Amino acid sequence: MAELSYRYAVAEGLAREMRRDPAVVVLGEDVAAAGGVWKTTQGLLDEFGPERVWDTPISEQAIVGAAIGAAMTGLRPIAEIMYADFLGVCWDQIANQAAKLRYMTAGQLTVPLVIRTIHGGGVAKGAQHSQSPENWALAVPGLRVACPSTPADVVGLLAGAVRADDPVVVFEHKGLLGSKGEVPDDEHVLELGRAAVRRRGTDLTIVALSATVRLALEAAAELEGQDVSAEVIDLRTLVPLDAGCVLESFKRTSRLLIVEENPRQGGWGAQIAALVAEEAFWYLDAPITRVAGESVPLPAARGLENAVLPSADQVTETALKLART
Amino acid sequence: MTAGNGTVQWLHDRYADMRRIRRFEDITYTLFRRGTLDGTAHMAAGQEAVAVGARAALGADDYVFSTYRCHHHVIAAGAPMDRCFAELLQRRTGLCGGKGGSMHLTSVEHGVMGSYAIVGSQLPIACGAAWSAHIRGTGGVAVAFFGDGATNIGAFHEALNLAAVWRLPAVFVCENNLYAEFTAIATSINVEHPAYDRAPAYGMPAAIVDGNDVEAVHEAVATAVGRARDGDGPTLLEAKTYRRYGHSRIDPADYRPDEEEETWFARDPLTVTRRRLDELGVEASRVDETDERVGREVDEALETAMQAPEPEVGDAFADVYAEGGAGWRS
Amino acid sequence: MAELSYRYAVAEGLAREMRRDPAVVVLGEDVAAAGGVWKTTQGLLDEFGPERVWDTPISEQAIVGAAIGAAMTGLRPIAEIMYADFLGVCWDQIANQAAKLRYMTAGQLTVPLVIRTIHGGGVAKGAQHSQSPENWALAVPGLRVACPSTPADVVGLLAGAVRADDPVVVFEHKGLLGSKGEVPDDEHVLELGRAAVRRRGTDLTIVALSATVRLALEAAAELEGQDVSAEVIDLRTLVPLDAGCVLESFKRTSRLLIVEENPRQGGWGAQIAALVAEEAFWYLDAPITRVAGESVPLPAARGLENAVLPSADQVTETALKLART
Amino acid sequence: MTAGNGTVQWLHDRYADMRRIRRFEDITYTLFRRGTLDGTAHMAAGQEAVAVGARAALGADDYVFSTYRCHHHVIAAGAPMDRCFAELLQRRTGLCGGKGGSMHLTSVEHGVMGSYAIVGSQLPIACGAAWSAHIRGTGGVAVAFFGDGATNIGAFHEALNLAAVWRLPAVFVCENNLYAEFTAIATSINVEHPAYDRAPAYGMPAAIVDGNDVEAVHEAVATAVGRARDGDGPTLLEAKTYRRYGHSRIDPADYRPDEEEETWFARDPLTVTRRRLDELGVEASRVDETDERVGREVDEALETAMQAPEPEVGDAFADVYAEGGAGWRS
């Protein structure tokens, strides 16, 4: 076990897969010579050379399209889209092509493709560089969606994504790049679709994802002091959704709090709430509660950004209220 | 002597290939008129020479990418016609099990790596197949077909630039049939040739070819494929052609001037090739025999398709994901 | 009142707004000379001339972008995107530009823009011509989303959308084009954000949208025969969401059934379920139930398509079960 | 005599405009280094002549569209510098109330219709403003600025084609600073000039202009604007220039060869104009006075911005919708 930063875990995770499988290639803007604007592809060009790590023009449709074409013909490309907001310029390739090709061709084509991108706010960069568009992807059958919250999960989910035969969109989180954690030295592969229970608890279940896992854990620690025992689930992947894990936990606690960074309207938390309200209704002891980002584009000024993003305090307060309902 | 592999037989075979497609498309149109066909269909009648000429220049390691107007490409590639009909007829034996439909005919076995119904979307994907062929060193070339109207969409630009910059083994073949749906391409561009005139923007070699002349198409594509295989990068070809039918289904193409139709129909690829065979000394009766033979083939294929079963409900839940199913939750 | 088809109501609704306000212009592929591939812009070129009705190249980014630029400088453009699936190729312009410009500029720019498109399955055209991407839009603050289910609503919501100062995406439904209904002869404007109660009932609330309203009404008629009284709400707009109408109805019936055409995963129905499970929890007498499309891309074959789209029978059965829970 | 309106004073004024921007950018960089600035910033130092020369050719009915590298454009347009600083500093008095930030400086009052941070996205939008000016008959022209790297994205292609086909009163100005982030544009295209060499694909008149020579830029833009106003359609200009700083924040631009930097820095637009003023007989001391005067202005603007209040929480919920608020449910 070595302690790695989330940022470095990305580069490490990519390198491990590239070492293992020569079919894995990387492409994107400034991913090669520059090592990525986030430095998450640092070292790959040096180690694997220019036939495996490709800088591209600013052409996101071409990046994703090229990755799709390569994936259907024997490679396992990993495409980087620099900011998740830019999925907007290549959304056709992702939602209409990658996601549907296998189905439309009755399995003749498979697209073992990974699209890495970075989402989330907290960097004061404003509305076009801070979104959480995993919710667009959630509504598209055929895509898999992973959102690692720890360095170990970065490595594990990247490995799982690269080895999956489906198109997987991996959302790294800007706010987590500097965070650190232990990463297994040996092969570490996480199957997509397995949530992690980050903390055991009995009074309520908090479901979180990516950067909100930290908020949930901070809140849970705080809640302990107030005699509330919160279970914290890190979904890890939105698709496949580990419904079993959520339902199992919820049936024990009968109280559900969902913490999501994206705007409340149309957020993935609604899907979790709907799932529980439909399938575990008889276990419910209190309203299903969501702490979510406000339904606004993200403002640039940090004070405003903080005001619209969920905070640990908000989670604590909401959880307390919920536990006492 | 002809272009192609240099024999009269070669040309006669290409004629048969084109006739096969024409028959397929005429039947498709009729089925549509009769209400037998559901959904939509974009007939490629009139554009057979592009598909057939190009295909004859390709080998087993090459890839073809097509559009919603794809019937000619899959048939030219050798996909069983009964399975093509079956796909249009929503049968279980269809190339895509009835899940793709007329716009998405695909036969990976025959190198057809999908037909794409969002205009231009296949161009970046074709780049990827070419890129992959390069990396894996297969010597394969990716050929992407697209319409004149597709040259105005962003994906075209990005794909052509990437192919040029990466020197990919790709050939881009524009089937310029003068119209994008009901709109003359001339009103959507400010240049004369929608594809050819754009090639310099990518520093890409380009040529205009008579898309109704199967020999000319074959020669141009063969040259481009050779260049790609030699590592000399992509080529952009613009094949001038014309559709016999409207844009799709039963569109009567009222927006096309009569004179224009007459001129083009007189230069129908089948007429052109028949004339050429005649010049080469092939007797008309032999060509008629080909017509009949091919006609029977196609009719039998239709018959087979018509007998085929419909898809089963379970098929709808298969193949969303590689594991085989539709499991979005675990 | 005249009886109009849904298809003709679109052309009529557009014409009415163009007559009223010379700033209204129309652009899109084949919308002028050809009258639209759906014939929903039929007659506009003749009546308003080529300076008000513009055919475009196949360039959806340019179409939406041009509409945005025109909207911020004094026009009220109505852009047609031929199929809702093609929103994928211009999603950046919609989700990142149109939706956010007002906010990012603190109100300096307004974008009174209408994007008309057509969604939904039931036409055997396969996965790239049948989607219901209103769920992508639901997750983007700054957009308004309207989905008319009747000819009168087509006219009313188009008028409401054109007069709104925000970007509005109007989803017409393929399956409804041929349906008919009375349309007021005089000015008919529907404010965005007002649901319609299509049928009064006491035992359960069915929330539907666009083509599923018909399914809900058919089911409700059937249910009546079985002594179940269903209230049917047509949401009409997803944003603004008429939460008040849904909550009010639900509080009377205490049973909620949501009928949506899109795949269940990430569908708007989840947002409705989440809303109720959070804000009206104490009124719940039974699980919140969703009848939704299956989570697959739409297959071309009609038999398969029917198997994955919701049906009136399915609604009836589910409602019966729910009413008896 | 100079280009522009033909007086030495005109050139001296342009020099002052450029100096103002330079000072603004130098301070911005310093604030960044010191950690006073949050978020990001893309300095336009080195590219002042493009913004200033172009602006001088525009009138009150014209529109400017910019990118995340926008400071020079808003300042050249006359937006109050304290409000520009305030936006960078996330103050309530910022041009966008702190909600836009460094990449989205906008001053509709001064004709700057937004700065767009998704590469290329402003180009279709600029078409729309030009289209609207045409329809409304205002005589206005829309000018869109963009980088060399933006010429490879789909939106560029669609916008330029639409502008050409619709003969829109638009001017497209590529600020070719040789790099897109850390990548030399030469490696991302297969032509020599990323913008100029693409113009023929749209049948659009184009020119290359020395982007470090404010008179040359002014002349080229004035010609293009005149053509647009006369109803003769759009023009594509490629201004060759260079940035003094890295791509953004404190990027040291290590990827640029020293020699290249030296050559370009020697041709800094301020140096070039100073030399020209000298040739025209303006005493160095007068130019120094301008430097000082402008320097004070900028420093005062910074001072004002630093005193300004932060946004109030309620601002975050304002202006999502035209009604003023953030009401997604009713």
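Residue numbering begins at 1 within each chain, and the chains themselves are lettered A, B, C and D in the order written.
Convention: a residue touches a chain if its C-beta (ideal position, glycine included) is under 8 Å from a C-beta of that chain, and two chains touch if they have at least 3 such contacts.
A quick note: this is a predicted structure, and the numbers were derived from the prediction, not measured.
The greatest centre-to-centre distance from chain B, using averaged C-alpha positions, is reached by D.
More than half of the residue-numbered contact pairs at A-D reappear in one of the options C-D, A-B or B-C, namely B-C. More contacting C-beta pairs link the chains of C-D than the other of the two pairs B-C and C-D. Chain B and chain C have Cα centroids separated by 36 Å. Centre-to-centre separation of chain B and chain D, using mean CA positions: 45 Å. Centre-to-centre separation between chain A and chain C, using Cα means, comes to 30 Å. Centre to centre, using the average C-alpha position, chain C and chain D are separated by 40 Å. Looking at chain D, one finds that residues 96, 99-100, 104, 116, 118, 121, 152-155, 158, 161, 165, 187-189, 315, 320, 326, 328-329 touch two or more other chains. Looking at chain A, one finds that residues 56-57, 59-61, 85-86, 88-89, 92-93, 96, 103-104, 126-128, 141-142, 239, 241, 265, 295-297, 299 touch two or more other chains. Against chain B, the residues of chain D that register as touching in their complex are 152-158, 161, 164-165, 187-191, 197-198, 200-204. Residues 85-89, 91-96, 99-100, 103-104, 126-128, 133, 135-136, 138-142, 239, 241, 262-263, 265-271, 273-279, 281-282, 284, 286-290, 295-297, 299 of chain A are the ones touching chain C in the complex.
Contact residues on chain C toward chain B in their complex (touch as defined above): 29-30, 33-34, 37, 55-61, 85-86, 88-89, 123-129, 265, 294-297, 299-304, 307-308. Taken together, the chain A residues at the contact with chain B in this complex read 25, 51, 54, 56-57, 59-75, 77, 92-93, 96-97, 101-110, 112, 141-142, 144, 164-166, 193-194, 239-244.
Here chain B touches chain C in the complex through residues 38-40, 90-91, 94, 96, 98-104, 116-121, 149-150, 152-155, 180-183, 187-189, 255, 310-311, 313, 315-317, 320, 326, 328-329, going by the rule given at the top.
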